[in-house]
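The same subunit A turns up in both complexes below, where it pairs with subunit B and then with subunit C.
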Partner chain A sequence: MSNQYVNEPMLDLFIFESMQLIEQMELLIIANEKSSSYASEAINEIFRIMHTIKGSSAMMLFNTISTLAHSMEDLFFVLREDKPQNVDYSELSDLVLEGLDFIKLEIAKIRNGDEADGDASELIKSLRVFHATIKGQKSSAHDQNLSDGTDSSESCPPEKQQYYISKVRRTEITSLRNTFQATLRFDQDCGMENLRAFGVVNDLGDLAEEYYHIPEDLDHEDSVRVISEQGFTLFLKTDRSLEEIHRVLIQTFSLKDLQLIQVENSDLFNDLHKERIISLEDSAVKIPTPSGREQVANEQQEKEIQSSATQQSIISVSVAKLDQLMDLVGEMVIAEAMVTQNPDLKGLELNNFQKAARQLRKITSELQDTVMSVRMVPLAGTFQKMNRTLRDMCKKLNKEVQLQLIGQETEVDKNIIEHISDPLMHLIRNSIDHGIEMPSERETKGKPRLGTITLEAKNAGGDVLIIIRDDGEGFNKDRILAKAREKGLIQVPENGITDKEIYNLVLLPGFSTNENVTEFSGRGVGMDVVVKNIEAVGGVITADSVPGKGTTITLKIPLTLAIIDGMNIKVGDSRYTIPTTAIKESFRPKIADVIVDPDNNEMMMVRGQCFSILRLHDIYHVKTDVTEFTDGIIIMVEQDDKTLCIFADELIGQQQVVVKALPTYIRNTKKVRGLAGCTLLGDGSISLILDIAGLIGFRQSA
Partner chain B sequence: MADIVEQESLDESEDTQKGKFLTFCIGTEYYGIEIKYVTEIIGLQPITEIPEMPIYIKGIINLRGKIIPVMDVRLRFRKPSREYNDRTCIVVIEIREVSIGLIVDTVSEVIAIPDEEIVVPPSVTKEGNRYIKGIGKVGTDVKLLLDSDKLLNETEVESLGNL
Partner chain C sequence: MKKLLIVDDAAFMRLTIRNMLLKYEIEIIGEAANGAIGVEMYKELRPDVVTMDITMPEMTGIEALKAIKAFDPQAKVIMVSAMGQEGMVKEAIISGAKTFIVKPFKEEFLYQTISKVLGI
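== the complex of A and B ==
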């Protein structure tokens, strides 16, 4: 299995398409499993998907995937054609999902540039066994027809197998005028003879009405040998002329020799034809159209035509390109500001310029919004994936849980989606594993047998809230507390800590790395990984629980990382940007409100409440003339229910800023506390974006 | 096939750049840096300070929308700092996709120093020539050839404490 001939874009496309199809199929299977019978559309759809995967993987020479897909396809062929009764759908789903997992694994290997070397023979064997069981339930009259579609390595004689690609219309067979016999020989050592032959057949697809070829099964390993030794022989019926066919065939790549002759019903053709008629009549017993396989092909085409007509046309674009576009638009927003706010224009009366500038500003901001919206993806895909996790977990643990999805249409930046998929899966797993009780236990507690996990997403200002709620047993407060004490995570006396704070202890790193946690607190393996992932995208995670009633985990995630609404402030010569969402208010302080404690910590009294003050010029060692509170301004910020007063020289103004990371070199040198990144201001100067959570930490540890 | 051609052209451009150094001046010494690392030379720009950085990292600049850090080579070599003037330049170098600007007193010229004219620095001094990987002889002059990799990647822990 060499893929050195395969070019990268094709491989990429194969990976992308197959993954999409597999995901789609998973959803279908899970949706149908619940109703314990497969809807006929679903079966058709799955059949189509497997057929596509089989075809494309065979094209790319991933034979293992192809044969596995083939076996699955056969299975659904039986389901579709014979509608057997008493099928164990649960077992079927298990088998098929297992198969899909295998394909996914192989594709992952391919993506990483490894050899797809997995062995699917066991899987194929169990698929065959299942196939035989359901097949055994229907009359033997259909066997002949079935063996047409089954795997090439099955025991029936190979010459009985037919490999049709043609779109036969029975009525037309007699009206076709010309019959040709073509023999193609390929260059020695050109490799992949069967694939080349397949290509020839494909090329002819539109010209010939009907064709047969020797060897018949191009998938079969032997076909390579046969073609290289005896050439590839093709019989075709068409109403095109000899020249037209010749012109097409002669273009074949690596072609050494081509013989094309017009034949009058050669014996060979008739033989093949007869066989063909038999199988046609056979299948005609059940369905009016010539053969199941072709019907599928036709249906598929029709469907595609239909869907392409009704669906919005969609193209897939790489995220890297979108990022680039985003960056460029960001640059443009800044460049626009540089032009329209150019200091050279100061004091000039430029009516027409102002008009044009306004127009430009409008367009750039619209452009920015559009680019942002392009990157937004609904959470539905990520949420749907959880169905699979749920199903597998429930089977393994013998629990009964249903997943309720709310607000799937909520949109989030593509980058963020990638970061939250794993944490979500982890949280769901935790909920099933530790939260939801066994069905019997639930009944004795007076809860419904069926546990419920609700996954809800909603917009809240510039953030998206994702809430994972289960109706399980909830956290055990005392155990968490004991564990935290043991680990030295809390020092305060028991009554000085609220329930909510206790529950949030499980999110602390170090708390969950302990193996005992699972049996101990009931929650938490890998919880700090979840926290880390969420924090990586600037999100916040909180936990709450009602003992015996269930647990709620809330993820607060910013809509996007790329652009924030910021308030620019000035300290000395430096500029800083504070995310507007964090700002509660800003005011000029009265000296009487400032309190200084013996450790020289400054605090401020605002409406009866006391907040600590952070002098930006102090912590960042910025030279400024404004050191008196009465000269500067206080900006009150809040994050995670903690409030802080930041002292700066003055406010510059509010602006949408494009967040840029600090240069790698700086980040490698030192992680500066309280800095989230930087941004370019309208005049081309750089402003540092403050990380409020970091600043609050500053004050607490200082 | 295309790869081979690309490789060849890459080799070629590497060949033309090989043995060439951009020389610049700090105080009385001349330093050289391999030309293949140099992206561009720009005049002094407004620098945004970053708090809590070692003293030789002056901050970040906006280079046509790209934000890059700048390092004062003078301070990096523990020489007394000097007022920047109109001859002060920022040499932007890129090593393994990390861009950084080096503030130097003046930029001199690009010269070719053949391998045989480069000698290994004496290893007697303990700290001083950590960033020098060779000494190039050009006529009667001597140029100190910088090891850009070390310049970027060896952080001086002690200078962090000075803050």
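== the complex of A and C ==
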């Protein structure tokens, strides 16, 4: 693996830009596939995207990608220019998407520092066959013959054009004094030699009255080869001197070699060009008359300049730098607390210091908000990607499903986005594979043929909820129970298990209800991975289902990972931090409100409701003097509609804390339950951040 | 120091050209992401030479070339083309492009072309 290669910013940009373009193109294709033909703007756009990828990859010497992109570009060129009828757009979409997948795979290899060694020849062949079919329909009308795919997609139709140029103010040939013969050779690999030659003729412009050149037809495919092998020979008649002509010709770009001689016998010239006088105007390239299109362009121009100008003010920054910035801000939050809450300040009356400290705190928190907002990315991109998954699945399984996206603009931390893309994809696959029925089955059930999957995101306090809802057949309770029993996943007595608990069994590792493992889902490892991924970012996943109506999977994900608002509490010599968002209330309990059940579980009556009490000093074996409820404090916390009363010695105060993961050596030696991480407090001591969901689970299983 | 304006919709190509010219005495005074911006930037920055991509959104390189030439007949514009764009290149030459380069191109070739256009 060549690291210096991977880190090269140019390569990074190539990968980034190409991937972006490919994603954009995928969306275009999927959006257009549904209608019977592609919209002309889409064709234009796809053409441009392929063109850009072709050029960029050629610059990076990824020739396979370049060739493949070229084939697709050609295809869309035909679609754009010839507007052929009866194109099989479904086949086209398949082909092009396959091509994009290939490019994506190659780019992934490049990103990993591997050789982009994929073989696209089969793909290119299919693209050419398709190219030939759509072109074939056209050829009956226009009598154009298809060349072998290397043809110039943007060049003019190969009508015979003579580049024998005569000026408008034509004078009699005989009146011209000098006839010259010039042979020009161009640099090897300068590309488009025929057009370089054309440029020469064009440059001579007014200087010469009559020209004739070999090869004669600069538009002919062979002209490139001829010029690079034999050079470009030009005869011209002019009243200018040899020096003057030489001065012009020597200016030619990519010129390797120039021979210019005066030819005495003008008969040669005359013979060559006899009867071939075509005016420059006629022989010039057909320039597409910029009609309405340009007008529209002009009207929009101003607006576009503005919009593009704002685009220019955006820069892309590597995530690593943002991570670093975030870390620094985290350190700063700690440092701020260390200064403003310094133990040395205790009991001192420092008015000015307090003022300055307040200002510092304000700025720190603004800085932190800004840095966090920089890291926030809308979910739109991730959501849009699901369209592709949906399309492929539906096609393979012959199901009809539409995807509804709600709340795409909801933003989450960049790191979190990366963790939820795969789980979402898997959940969507599950919904289509196991949830949504076949269209005919749906009809007999009185449902619309077209199934619907809704992907919704919304903010809920410090969390983002992502909800995947389908209107399929829902979970089968009995099958889940049977399966769970078989796998030994049920620990509690079955008669006490609620429906919701049954549904959530499917989230347990190693659970899969579908006996038929399909290509897409149902391997049983999927859900496991989904849950792990979501938990890795501190999220929670729940499942609910209504038989016959559909299934809803909810992902609850924290907005950001790094900094939380926390309440610091004290138990003995230890400090703990509870995320403020989880706290409902805290109070000093009255002994009369405490109930003890026959199993010695302590409960707290609050406004007629009963809640379990968790003694922190008990579960973490902390020595403390405060063991009587009346001496300490109860903090009531809630997560996922479950409430728990935590008993601690006292509250220390509220503070923003930077979440640090528990050191690996601790995590590896012992599975500590109920801790989300740790943080550094202002006085330099370490506080453990409580994981409320974990604690609730703790109480239930205890 | 001669001033260059890069007009290309692909950020990758802009970076490539920029990187290729790093060691030469050419100052890149601007980068435009489409033809329309390119024309505006030309008018504002008055570069000595422009590299102009052909296929771009909003306004193609050809249209931008024409607009620039209309504004400044002396403008030196180098078209950046790719295989398959022969027709466009030809149109560009007629419309007054100094010359063109074909992707993929090498660093030396780019510099030679630019220096020749600039007469240095």
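Assume the second predicted complex is superposed on the first by the 473 of 702 C-alpha atoms of A that agree within 3 Å, B and C clash if a C-alpha of one lies under 4 Å from a C-alpha of the other, contacts with A are read in each partner's own complex, and residues count from 1 in each chain.
The working rule: a contact is a pair of C-beta atoms (placed from the backbone, for glycine too) under 8 Å apart; a residue touches a chain by one contact, two chains touch by 3 or more.
Not measured: the values here are computed from a predicted model.
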Which partner does A:S574 reach: the first (subunit B), the second (subunit C), both, or neither? first
In the overlay, answer first, second, both or neither for which of subunit B and subunit C A:N387 touches. neither
Does subunit C touch more residues of subunit A than subunit B does, or is it the other way round? C
Between subunit B (first) and subunit C (second), which, if any, makes contact with A:S545: first, second, both or neither? neither
So, does A:V622 touch the first partner subunit B, the second partner subunit C, both, or neither? first
Quick one: is A:F14 in contact with subunit B, with subunit C, with both, or with neither? Answer first, second, both or neither. second
In the complex formed with subunit C, which residues of subunit A make contact? 9-10, 13-14, 17-18, 45, 47-48, 51-52, 54-56, 58-59, 61, 70, 73-74, 77, 152-156, 187, 189-192, 194-196, 198-199, 202, 219, 251, 253-254, 284-285, 287, 290, 294, 297, 300-301, 304-305, 308-309, 311-312
Touching subunit B in the complex: which residues of subunit A? 327, 330-331, 334, 573-575, 619-622, 660, 662-666, 668-670, 672-673, 675, 678, 680, 684-688
Under the stated contact criterion, what part of subunit B meets subunit A in this complex? 46, 48-54, 57, 60-62, 65, 67-69, 98-100, 152, 155, 160, 163
Quick one: which bits of subunit C touch subunit A in the complex? Just the residue numbers, please. 9-13, 15-16, 19, 33-34, 36-37, 40, 55-59, 63, 81-91, 93-94, 98-105, 109, 112-113, 116-117
